[in-house]
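Let me begin by handing over the structure; questions about it come next.
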């Protein structure tokens, strides 16, 4: 407060006490977008600020997703919270249960007199952030979904087709390795890709109570035979390097872009990174289907983050925030963001605009993610996850999966342990979220 | 404790001690007591609701296999870091002690890693050992070692130990060199006249004479490995894979800061606080003895 | 040297030089990484020899935006913040520790031991362990985004007090006796006798604390939201993890190089006093 006052004073003195400098209402936006995506966030904010003269969005980079979230929570506890914060999808339940701390976006927009047409948003994107009654809690911003990236040159050389099923992934990997590659395939964000999305893609339940949507007393159930058989198959593929594990998150990206692995499963949002680094023809396609589990794919679920408004500020500031959110989800901004970053367009209008601009024809494959998300109407198993303490639970799943890849556990041992530890965390959350 | 000759009571000592006492009260006692209090609570992340649960957080903690494992792992890690960095420092100091000209130059060249931030040290090492890009995995492949610390818990542990020890070699080297240089030359000369070679002299004369330094360094290094290596682990492995590099201090951070389990994390802080106090008392008694004599 | 064995001397130099090289290897790699362009640093195997982009990276890092897109303060500004923080912590801690150790050792007053123990138990308990409650305290006091908030909470530790206590205990009692005969009061004794006698220890502590302050990162990360207040070390950790992108190693390593330089300069230039101060008391 004090430093802000001093700043005002200094600003006032410098501006020769010009009144316009003081009339602008500032809205703080904490985000986790570093690098080139951070530049884009800054551009969006700057464009909005230039488009009107009453409000000023101030984007602040607060480190990675976890650091951003913790920093805002700590700031909230101290009464210093920002207006808007970017929270990754696994933090959804934590944010949602903090009734007095968040300002549901739908309410915010209504109170500020901004229109919000929920039907304009893609169902697979928006359903992750709605209550069971359909109220929208946070504004979707950067959403992505895992896809299968492939090195086209390598597949051609090995005489393999782009796989569509897990059996084909295996045979293609074998051919890749036979043709001299160091590994067939790898993936990042393993829990998200191979447990969470694997379940949604094959319409399998991850936990009871509709994956947590209908109650905090949910229990995890992903230690079922289908998931464990799937994971065991991947672990078996470590023999002969058909599969090589390369770390959490995007740590394994260099393995793909350096031509060591021919295929890579991870977020569609790596498009920009791969494009700038890969020296080969690459492509993306939908996640492979496990034909032993389902004959057709359901739809995949999203990852990435949404924007949450935090309570405790002035109405005038929320008004500016609402205007910004409207600007942010306009087709032009969203289409631009989607095309630049590889995140999916969150509204149908943005998708249509990209289509009419000919983006998908010039960049084949870039609509894979959105097609995959909207393949079918989401079911209770595929609209998203709503588990408390999921940040920690995902770490637990990561740990247990690593024990599996390392060979110290079988898939069912690993998943049983993950479910047991995860349920303990869920019970803890249930108690604290009362 | 008190000087035999001292100043009489007056307001002055209160004024002198006041700044530190105030800072300690406000920025240490207050937060620490809040941590203590929080360890008896179960609370949601935003602090909107909390429930008094007594010792339940501690109960859960000691019933948690992962926590017990982290204890053992912390010991293993600390002793290896201390052992490795002290051995390397001892060897280098023993050789540098023999060099009359150039000892200072060598000292200058060895001293600087001490100044590197743990998190930077971590970044450097993780960069060198990146399984796909790093220079070391590339070289290791030629001797048939497949390096992947993202998968292999042993390699991950090895890497954090290496990074942690690297940073500490400088400090240990300084102390060992100073200790060796303070041994009277006459003792070493007497050994030489008796026909002992350099290696024999080191083991029979030098090493026993510097044993107080060794003990002191052991304590300092273990404390270092316990707490200050946090940044290294955070940058290199983030506790993985499969929790194989999660030591106590990292778990406190991860459960509290990342997992937002404030009660559980506070309980861990309290356990750590008691361990710190115990270690401090040990060190204190040792240092006290040294000064008395 | 006791005896003259040229071959053994040769071996000795070899071993020490080998040690120096091993210790220096990471810095060489940093230097190499800082001299290539971004794309080269994501291609295997990484180079072992310097590239041609050193100056370019240096300019971008120090005077440009640093890592692209973070809207962070320019690196020189971060270094300035780090400098203020490191100096604030080191000088502040030395000042309060000197006076409190003086009070405890040279004065007899009620609750003396109580104060001593209170300060003493803060020894070594790192900030990471109590970081969230400390954050709340600092926020309640309105010290977020300020140099006060960056420095003062980190001054609350007893290491320095403890060290000065050790130093003062080794100073012969006769010093005070003769000073009193000369009619010197407590403050006079402190300035004219104790301070000069603890000169090397102060220097050693300065080095330790400067490095400690410079190298902080979790604390600044938490309490600064204003990009003008970021410190250089915290910016590096932030650069390592960018969502869904590869790290820009060339810029990160150049920043690392710049971040290491000041504390290294402090240690190396003050090494004589540092070594003397350290080894004479703690041992």
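Read from first to last, the chains carry the letters A, B and C; within each, the first residue is number 1.
By our rule, a residue touches a chain if its C-beta (ideal position, glycine included) is under 8 Å from a C-beta of that chain, and two chains touch if they have at least 3 such contacts.
All of these numbers come straight from a predicted model, not from anything done at the bench.
Asks: Considering A-B alongside B-C, which chain pair is linked by more C-beta pairs in contact?
Replies: B-C
Asks: With centres defined as the mean of C-alpha atoms, identify the chain lying farthest from chain B.
Replies: With centres defined by C-alpha atoms, farthest from chain B sits A.
Asks: Could you tell me the distance, in whole angstrom, between the mean C-alpha positions of chain A and chain B?
Replies: Each chain reduced to its C-alpha mean, chain A and chain B end up 37 Å apart.
Asks: Can you work out the whole-Å distance between the CA centroids of chain B and chain C?
Replies: Spacing between the chain centres: roughly 15 Å.
Asks: Going by the contact rule already set, what residues in chain B reach two or more other chains?
Replies: Each of 132-133, 257 in chain B touches at least two other chains.
Asks: Quick check on chain A: which residues sit in contact with 2+ other chains?
Replies: Residues 77, 254, 258, 260.
Asks: Touching two or more other chains, which residues of chain C qualify?
Replies: Residues 42-44, 132, 136, 237 of chain C each touch two or more of the other chains.
Asks: In their complex, what parts of chain A are in touch with chain C?
Replies: 1-3, 28, 30, 32-42, 59-65, 67, 71, 74-75, 77-80, 82, 144, 249-250, 253-254, 257-258, 260, 267, 269-270, 272-273, 276-277, 342
Asks: Can you tell me which positions in chain B touch chain A when the two form their complex?
Replies: By the definition above, chain B touches chain A via 42-51, 66, 130-133, 148, 150-153, 238, 240-243, 254-255, 257-261, 264.
Asks: What does chain C use to touch chain A in their complex?
Replies: It comes out as residues 39, 42-44, 67-72, 132, 135-136, 139-140, 142, 144-146, 221-222, 225-227, 237-239, 241-246, 248.
Asks: If you look only at chain C, which of its residues touch chain B in the complex?
Replies: Residues of chain C touching chain B: 1-3, 5, 8-9, 12-13, 15-16, 19-20, 23-24, 26-27, 29-30, 33, 41-46, 48, 95-97, 99-100, 102-110, 112-113, 115-116, 118-126, 128-134, 136-138, 141, 152-153, 155-158, 161, 166, 168-170, 173, 176-177, 180, 186-187, 211, 214-215, 217-218, 233, 236-237, 240, 249, 252-253, 256, 259-260, 263-264, 266-268, 271, 275, 278-279, 282-283.
Asks: Considering only the defined contacts, which chain B positions touch chain C in the complex?
Replies: 1-10, 12-14, 16-17, 19-21, 23-32, 34-35, 38, 88, 91-92, 95-96, 98-100, 102, 106-121, 123-125, 127-128, 132-135, 138, 166, 169-170, 174-175, 178-179, 185, 188-189, 192, 198, 212-213, 216, 223, 227-228, 230-231, 234-235, 249, 252-253, 256-257, 262, 265, 269, 272-273, 276-277, 279-280, 284, 287, 290-291
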